[in-house]
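Paired with chain B in one complex and with chain C in the other, chain A is shared by the two complexes that follow.
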Partner chain A sequence: MTPHTRKSLEFLLDNLVWFMLIVVLALFSALIPNYFQIGIFTNIIEASSVLGVMSIGLALVIITGHMDLSVESVAALSAMAVGILFCSAGIGLGIKLSPEWLMIPASLLVACAIGGLIGLFNGFLVVKLKMSAFIITLASFIWVRGIVLAVSGGRSAQDLDPAIRWFAIERFAGIPLSAWIAIGCFLIFSIMMAKTPFGRHLIMIGGNETAAYRAGIRVTRNLIIAFVMAGAIAGLAGWLLAVRTSGATANLGVGLLFNAFAAVVIGGVSLKGGVGALPGVYAGVLLLSSINTAINLMGLPANYTQVIHGFLVLAAVLLDTFKQRLRQRLA
Partner chain B sequence: MSEKLLVLDDIRMNFGAIAALKGISFSIGKGEVVALLGDNGAGKSTLVKIISGGLRPTSGQMVFEGADYQAKTPAEAKAAGIETVYQDLSLCTNVDVVGNFFMGREITRKVAGIPFLDERAMEEITTKALTSAGTRIPSMRTKVEHLSGGQRQAIELNRFAHWGGKLLLLDEPFAALGVEQTRRGLDMIRHVANQGIGVVIITHIMQQAFQVADRIVVIRHGVVAGDVDRAKTSPDAVIEMITGQALTGAGPVGKE
Partner chain C sequence: MKRIVISLLSVLVLGLSMLTTAAAQSKGVVYYLVPTLLDEFQSGSVSALQMFLKQTGYEMKTLNADNKTDAQQSQMNDIIALKPAAIILAAVDFNALKPSIEAARAAGIPVVEFDRQITSTPSDFTSVAGTIEIGHVAADQAEAMLKAKHGDVKGKVLQVLGDPGDPYTLDIQKGFEEKMKAFPGVTIVSVPALMWEASNAGTIVSDQMLANPDIDLIFPHAAHLSVAAVASLESAGKKPGDIMMMSSNGAPVGLDLIRKGWLNTEVEQPLYAQAAAVAMFMDKIVGKQEIKAGDYDVLGLKGVVTIEAWGPNIKIPGAAITSDNVDDPAFWGNMKPPTAAVKSVE
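Take a look at the complex of A and B:
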């Protein structure tokens, strides 16, 4: 193999998800009537905001070589907290702050703080006490959802205060502000991962933890920060969820974890750690969202969506394995 | 040699029931090159890890630059001025050459108080350092997983030369290097020592030890089996210390 073909093959592997996204969009546009419209594309972007934000946090932790299964439940708890505090119907307390805009930072703070605290709990157990991230965060996935059920009593909060709801309604360039928040998060965290020492260190820890430790990188501290970030970002995803649905229900966001997982892996983040970048994850999120939109347009029953998602997760993991093999051969 | 840089006093290390080090005492002077020799499993790497903060000795004292020294982490050892090249290489193969060269010590530029990686400055320095060491690496942006064993070792070996420090620990640094790269590596060790930096080099190749070292320390079964000036010994004498048939007059022999 010449260095040139190797280079192009690697480029293809690194950006596979973008090619897939283009191909899928082209196929759907050609085959499904009414798919090719600007409205559909803004729809795809809009529908992917919650999943997108959640995937960022999950990707951060997977890149460091760990796992966070709790992001979905964390988002649900944050959404429920925002719902209970700032909704006026159902179990909402309808708290008002003046001036009104204060409710925006207050609700954001509540959502992210709840997420960050659960992230800290996960991170501490995984990193300091060296317990398995899979088990610890699986436990959190379960008990955090349990808290959501317990505090809501299975009921829901409706009618989120308009001051907060504003983000889902107001549009800029045809796209609601809530989707811009997701895009902004991708930008900020992509830059953090690619351009700052902290991001570089997370990638190095994912690649070879011992080497990073020997080089004087504060592995424990950085890993715990990554877990806290994943939690806080999941909290933000929960906030968006509450904003988009104007409230919170006890089973809000169920199934998001597997979509996020699929998006992250399809987006080129390797489960073995150290490989992957956030722009690819965004492409993965958009890809999933395009497929969902296609399913809706074709009028398939919603139950099939779950089957398709299941196979997508499977396909994503297969793809990851396949890419790892191919890379080994290239090396 | 002149001033003592690091003094090891009765260092012991047990791994469960295994006593890997049974009381190691010797010292390294400023600007001195000490070759640490010994058979497989003698305890050389264990000793290096204790000095570089990777392992904590079961007992024993270290004095570095006249003060009590005990690094709890590699970061602390580095802060004290001790650089290490480990036997099992410590590179992140998922990151490029430049990233590895600057691992943990990236050059940054602050924009609005946030540190950003200064990739161009880092690439320039890495290119300079590796070129002057005679290592040919196609691109500084290649991921290390695509490099040969020798190229990887060259990155590790040249990392410290840039960072300086006060004491350099090399655990079989040339094992994967070619003839020319090894020669340059040995030159570099002399060059580093001439600047007053102490060097400990572990090797199994007698010729290398005699070429570069001022003093030769032999470890056998976790004890110092010989500690002699290079000028006052011969390869044959050293081999006998390593294998256990110590010649009389070859230097102090471990107790036990």
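Take a look at the complex of A and C:
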């Protein structure tokens, strides 16, 4: 194999999920009536904003060699808190701040602080007390959703204040501002992971925790920060969820966790830790969103939707596995 | 010191005696197995049943199955061992609970089906609005709306189902579509919102409004899905009244959307009446007395009891809520429980 061919192949493998996305979009555009239009592509980007942001936090923790199953419930609790405080109907208290724009940082602060605190709790138990991340965050997944139910009493908060809803309604270059927030998050955290010592330390910790420790990296501190960041980012995803649906219901965000895991894995992040980059995760999120949109437009019988959804995700993950094997052969 | 101890003991004895009296006044404990507390109808059903059963002398305890059939089966088995006065079941799965119902009844515990009708095995009482009938009422409303818009019953309807694994939404779909079959000019596009999750409904509406811009009417199967659907319409620059909308179950958020002009109709499940009917007949159910067929006044609504193969069945029809009657306190979505106490049927 010539160096040029090898380089081309490696480029292809590094960006396989983006190529998969292009192929899938081309296929759906050719086969599904009404799929090929700017509005649908905008919808795909917009619909992937919540899942995208949530996947960033999840990816950060997975790259460190741990996992956080609580992100879905954390997002739901943050959404419910924002809903209760800033919605005017249902169980919303309709709190107003003057000037109105203050409600944006205030609601963001509430959402991210809730997430950050739960992340800190998870991180402390996992890192300091050496408890299993799977069990601790699974417990958080359950008790946090329980709190959502307890504080809402099963009821909804509706009519989010227009000052906050503005992010879902206003558009820039045809894309809602909420989606730009997700894109911005991917840019910022991608740079953080690739270009800052902290990001590189997280990858090194995920690759070999002991070696990272011996190299002088503050493993405990960095891991706890990763959990706090995952929680706060999940809180931001919850804020976006409330903005998108103009409020919150007790079951808001149910099922997002599995999609977030699928997106992270499709995006090339290894569940064993130490491998992965956030641009790939964004491509994974867009891929899933494209599939969902295709299913929505195909008008398939309701009973088969989940089967098709599952198989399409499986196909994407199998392709990713094929990519990994090919990469091993090249090495 | 001695006096203080004696005083404390006296208070304790007095408290215990009051508790005993309260227990003696109760006719027994009734367990309510609610399928989930993640929607407003179900959480509302807990407080409504508790209130009406208390008025007829029963204490109610609730167990939540979190939409898991196996969890509800385990709950049934546990409750059978406690030998309560009765079990009220709103089944997660209409058929999977059949063996548990049979086991409870074999143990002498009456079983009442609430909201979700089980026809595959006998129960002691069933109180439903009828999910298929809700679909029929919705179809009547759709017929009227499409006729008012086009002068004829034709056009395109986007039906946003709940989770495709939930028989509740599939029954509404069945009822709606079987009545709409009479109008070949109506195209129905049906898409499920997985897990009844609101943002899924929002995505469906965004996508379908682009793929089918000629949609005349959107019909989400629950009010909380309508909230997300409206949010998507709003984001797409639509105003109240641009697209006709209706939904079902009559939750408070749905009524709010009617007041704001987004929703034309909400097909209400008569939650209070359904719950009151259970309380009215509880003495007969627990006493294993005959429940006679006929018409009964349930909170001012006409409930019809029929004796079916699966036992006595009361059906209280759902009502259509529009801007004309949205403030009627009889609708449970207005969160004004009836002030008059229900009485047991003699």
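Operating definition for what follows: the second predicted complex is superposed on the first by the 287 of 331 C-alpha atoms of A that agree within 3 Å, B and C clash if a C-alpha of one lies under 4 Å from a C-alpha of the other, contacts with A are read in each partner's own complex, and residues count from 1 in each chain.
Convention: contacts are C-beta pairs under 8 Å (C-beta built on N, C-alpha and C of every residue); 3 or more make two chains touch, one makes a residue touch a chain.
Quick caveat, the model's predicted, so the values are computed rather than measured.
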Clash-or-fit label for the pair chain B, chain C on chain A: fit
Touching partner for A:98 - first (chain B), second (chain C), both, neither: neither
Chain B versus chain C, judged by how many residues of chain A each one touches: C
Touched partner set for A:159, first chain B, second chain C, both or neither: second
Which of chain B and chain C A:218 touches, first, second, both or neither: first
First (chain B), second (chain C), both or neither touched by A:2: neither
Degrees between the directions from chain A toward chain B and toward chain C, using C-alpha centres, nearest 10: 140
Three-chain overlay, closest Cα atoms of chain B and chain C, distance in Å: 36
Chain C partner contacts - residues on chain A that touch it in the complex: 33-35, 37, 39-40, 43, 46-47, 50, 89-90, 149, 153-156, 158-159, 165, 168-169, 176, 241, 244-247, 249-255, 292-293, 296-297, 299, 302-303, 305-306, 309
Chain B to chain A touching residues, read off their complex: 52, 54, 73-75, 78-79, 84, 86, 89-95, 99, 103-106, 108, 114-117, 138, 145-146
In the complex with chain A, residue positions of chain C that touch it: 36-40, 42-44, 161, 164-165, 170, 173, 189-192, 194-200, 202-204, 206-208, 210-212, 224, 227-228, 230-231, 234-235, 251-253, 256
Residues on chain A engaged by chain B in the complex (per definition of touch): 3, 195-197, 200-201, 203-204, 206-208, 210-218, 274-275, 327, 330-331
